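Per-chain numbering from 1; labels A, B, C and D assigned in written order.
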Amino acid sequence: MTDKPFNNRAWFFVVPVLAFVLFSSIIPMMTVVNYSIQDTMGANNFFWNGDGWFRDLLNPSTEIGARFNDALFRTLAFSFAALAIEVPLGIAMALCLPRRGWGVGISLVVIALPMLIPWNVVGTIWQIFTRADIGLFGAAITGIGIHYNVTQDAVSAWVTIVVIDVWHWTPLVILLSYAGLRAIPDAYYQAARIDGASRWAVFVNIELPKLQKVLVIAVLLRFMQTFMIYTEPVVVTGGGPGSATTFLSIDLVKIALGQVDLGSAASMSLVYNLITLTVCWIFYTIMTQLERRRDA
Amino acid sequence: MRQSLAPRIILVVYLIVLMLPIYWLINMSLRTNSDIMSGMALWPHHPTFEKYIGIFNDPTWVHGFGVSLTYVAINTIISVTVALPAAYAFNRYHFIGDKHLFFWLLTNLMAPAAVYAMPFFNLYYAVGLFDTVWAVALAHCLFNVPLAVWILEGFVGGVPREIDETAAIDGYSFPRFFIRIFLPLIANGVGVTAFFCFMFSWVEELLATTLTSSDALPFAAVMTRSYSASGMDWSLLAAAGVLTMIPGAVVIWFVRNHIAKGFALGRV
Amino acid sequence: MARITLDGIAHAYNGNPRSDKDYALKPLHHVWEQGMAYALLGPSGCGKTTLLNIISGLVIPSEGRLLFDKTDVTNLPTEQRNIAQVFQFPVIYDTMTVAENLAFPLKNRRLPKVVIEKRVAEIAEMLDLTRVLNRRARGLTADAKQKISLGRGLVRADVSAVLFDEPLTVIDPALKWELRSKLKAVHRALDLLMIYVTHDQIEALTFADKVVVMNDGKAVQIGTPADLFERPEHTFVGYFIGSPGMNLLPAKVSGSSALVEGAEIHLGAAYPALPKGGRIQIGVRPDYTMLTQSGGLPVQVRRIADLGRKRLAYVNLGAHQVVATVPPEMSSVAHQTRVTFDPAHTHVYVDDLRVAGAAA
Amino acid sequence: MTFVLDHIGLSVGEEVMIDDVSLTLEQGTMNVLLGPTLSGKTTLMRLMAGLDRPTTGRLFADGVEVTRLAVRRRSVAMVYQQFVNYPSLSVYENIASPLRVAGVARAEIDVRVKEAARFLRLENLLERMPAQLSGGQQQRTAIARALVKRAGLVLLDEPLANLDYKLREELREELPRIFAETGAILVYATTEPTEALLLGGVTITLREGRVTQVGPTALVYRRPENIDAARVFSDPPLNELAIDKHGALVTLEGGRNLPAVGALSRLADGAYRLGFRADAVTIGEAQSSSLGFPGQVAVTEISGSESFVHVDVGLGVWVCLEAGVQEWQPGDHVEVRVDANRTFVFDAAGKLAATPYIAKTA
């Protein structure tokens, strides 16, 4: 494969994309930066506040600081819980799918359906589904005697949000893992049979190494989406009870559009974005590393 | 490793569990509120399309769906048209800052919508586009243009570079080569990318509801409005929910061979 | 240790084959002896890989029985056939070192650690892998990886047969010779039955004691390299073996001479009774077709190819194209010249099948 | 059309890919680029086609400089090693594509495409799609496209490497004939010396981006100017032996002394390297002018008409050519005889010092 030629005229191809993403990303960000370093006495006259907002935000003893801190750890806990279930479950289900056969096409489509439903409708589905009186899930859980009330009980609410996310997004891990598995040439499975490898040995020595690249992408996508989840918890629990399921994005919207507390909202937005940038950079480096090793 | 039966059973169980909530929504949508409240029923004993008919005759709902379909269509067209040349450039050439730009697109794709809710609100208000389909269409470019670039770059990579060179040797000018030879080769790639842009714009709710108030209210906002009004009209909500699932379920059949490649941002 | 018997093995893709055309592999009766090296040689799509896959258990033949020694393995799954296989591209376990790769089959059989280590060292020594035993298998060159793949089969003392599916495809041309001589040495060292699939005649003739030449799903001839070169039983074998292939000329044969383009040539044997109506041809290899100034048949020279160590003349004999060898002493070649066929190496074919003549 | 490469060089960073290549290619000639893998054959061809820009040097077509000219404006056609066709176009459209772009009349396109298809035996495949064709047919389609364009320069980059053995033989025979009438300059890259010999014309030997020799194929084969050209032009590999000449005596690698006889006697003292091909080495019966070496057979490669016996003589593994099918078993002890009259002598710098062929044929 000849290497890619260097050609700066390629910039002309990229300018349209740059324009759109500039307009919808950099310009809005400028207003956020603007608010994050100024304060106002109302009637929109602003004065320099330097890193005041940031210091409050990152100092847990302040009111906003504590609130940000709690929301951040609540979100991280949710992300790890969701990932801890979805990634292994996704790989397991991908392994259950047959490598060939008529059923595969249909199963893949059915598996993908939850991801095609608008996020607020997913909220509505589970809002109904988890009600003890009219929802199958709610009725079943309370039926077997577990105390389960999504709107009042913090644990029930939190567990429900995790269950919704597992239901909604495990298919992404399944589809990606299955694509990774199907890229493995049959000769590897034939060789494993000849060597008398057990199913587990085949998984550890052939399938898992080959799934590496795909799983990095799956984990990146899943972490990012869980880390910025907003609609489903808002619809099902409204962030409640209390702030049990008030994740970072919900809190930010409350501060920004609810209280219209510009300074805090802007600083929180920047820190929130910074975290996603860092995580993206880590995964992007791993991805390009794997790409280069695969081609070598 | 003969195909033992266990994996098949687990798979079928999983599929059933996966479809249960969706089935339950359909079940709800076919029952009247009183019927729902009267007691649990595994299937609609006397199903009625009353709610669906209600929605189709209610101008706010029809307007809601119309608005949503409009901004999604606009966004998809913009995203794919804008991303095509860029994806070709990213895959075929090195240029100053290509790595950093490609990474920056990824960060936009992953940016939390909540962070942009307020800035977009101010921006589109200032620009005078607030409460129009264009506001939401342009706002969704934040993540859909990068998504389109990444997925298309994956498909462009599927076409060997020697084909571009052979076309150059045959005498094709770049535009003619791109349209006559190259586009047909990534036709299914463009289709899949359009599908994913459509989907990610269709499912998004926060920005869509934040940037609209009355004229351009999307279906999602109409749904949230119907919560508070007359208490919980469950069957109406269910019916509306079922209707929103139709576009995805229909279109996916045509791109079923490339679903994974689309979701994996073209990296698989 | 196994002796493989093909008893009427055939394979058709769709369920019920009506005509010959539906057979990917036409019925074949053959016995492969223990410790011998066989090559399945033929153009792509001739069914050689299908036959290999039937032996490895990847494909279940639609007809016939496959026996390893006495046991009928036709429907036995691959893992129970105790075969080894080297594929077209190197198949190794990336996460393991070379030593772990080689030990893998023995570990799965839960052999004691001591036995495994000894066996791995022994095979590594034979395949020149000792130096890289502890390196991760992923970083090695393609030919080293193919040796590992082979090694995984050879570590098992009781392996019934070693199958090769065009193993040199991805190897750099300059290294092919080295891997070929290694395979030959391994075959000599271990008394194993080896079956080698290829479309390249040099690989087949070099590696195998016996070569199965296949075409269009049919085993056309099975014989030693000398048989295939000196006495091709079928015109396809004459064409496929030897570079360039055998000259084939329609002729009328009577007794021990044949009429070609009106001129008479002597044959090495007498052919009294030839079936009427059959398509009769004589076949002579270019190596035994010499240009000459006197005797033989008149030809026009089209082109001379100077291969350094020999020169070939592409000539027209009437309407037929013939390739002849230019004798070293003939320095310049006239446009009009003559060609002679060595009677001892001239064969007669009726409907593409060789007819053995009685001693003249 | 004559095509001139004037001091062409290409370096990527510090790595020199093509090192100062100057060539003049005449109208209607067959020019074979012969060299091992990674010797720069493909890189040089891409520079000639204009797919890549040279770092130094200039290209001329009929005296007109084309170095900066865009590929699509050049009179060039190229056939890749891995049969490149337009997957979305039928065979007919694939072949017609250069003519369509050039705006040739539809009727004339039809005639020229059908003619090229007949030449390449693709007449009944014109409506098929490339994916439905075999490897050989796909490559023939690519060749037909190159043929129909009637370009002044036709570049063939190891076009037969991925084809079946017998298919390669047939196409190697057809290619020179197919392009003969077009009067184009043919540049054919290959790693196989036999292919160069069969194609004839001019051979340009390449090693690590440098041209080691240019000349009529038979002459380059018989009279390699340096050891690199000799090595590249020998399949199986060239047998080599280091020697040291002082006065009338020659000491071979491994200590054996021999009288300096024949061409060797006229050489100045110093270290030399003998190079002799497989056909200069025989096994068994003694010959007057040959040097004898005992050794053990490693392996015998059989191609049907010839057998190459690899013998380990302690100083290295030499390859001997035997006619027909010779069954030497690995491990047999044999005596190897080298014909001194067919041995090249290279000096320490690798330049040819003496060659027996001078005496025989020009």
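Here is the rule we go by: a residue touches a chain if its C-beta (ideal position, glycine included) is under 8 Å from a C-beta of that chain, and two chains touch if they have at least 3 such contacts.
Keep in mind the model is a prediction, meaning the values are calculated, not measured.
Separation of chain B from chain C in touch steps, taking the shortest path, is 2.
No other pair of chains has as many C-beta pairs in contact as A-B. In terms of their C-alpha centroids, the spacing between chain B and chain D amounts to 56 Å.
Centroid to centroid, with C-alpha atoms defining each point, chain C and chain D lie 27 Å apart.
Across the assembly, chain B contributes no residue that touches 2 or more other chains. For chain D, residues touching at least two other chains: there are none. Residue positions 77 of chain C each touch two or more of the other chains.
The touching residues of chain D, counted against chain B in their complex, run 49, 51, 70-74, 76-78, 80, 82, 84-89, 97-98, 101-102, 145, 149.
Remark: chain C residues 43-45, 172-174, 177, 180-181, 184-185, 188, 199-202, 205-206, 225-226, 228-230, 239-245, 285-287, 305-309, 314, 331 touch chain D in the complex.
The residues of chain C lying in touch with chain A in their complex are 56, 58, 77-79, 83-85, 87-89, 91, 93-96, 104-105, 108-109, 149, 152-153. Listing the residues of chain A that touch chain B in their complex gives 1-2, 4-8, 10-14, 16-18, 20-21, 23-25, 27-29, 31-32, 92-93, 95-98, 105, 107-121, 124-126, 128-129, 133-137, 139, 167, 171-172, 175-176, 178-180, 183, 189, 193, 199, 202, 213-214, 217-218, 220-221, 224, 227-228, 230-231, 235, 248-250, 252-253, 256-257, 262, 265-266, 269, 272-273, 276-277, 279-281, 284, 287-288. Across the interface of their complex, chain C is touched by residues 36-37, 134-135, 164-167, 169, 173, 191-192, 194, 197-198, 200, 217-218, 221-222, 236-237, 277-279, 298-305, 310, 321, 323-325, 327, 330-331, 361 of chain D.
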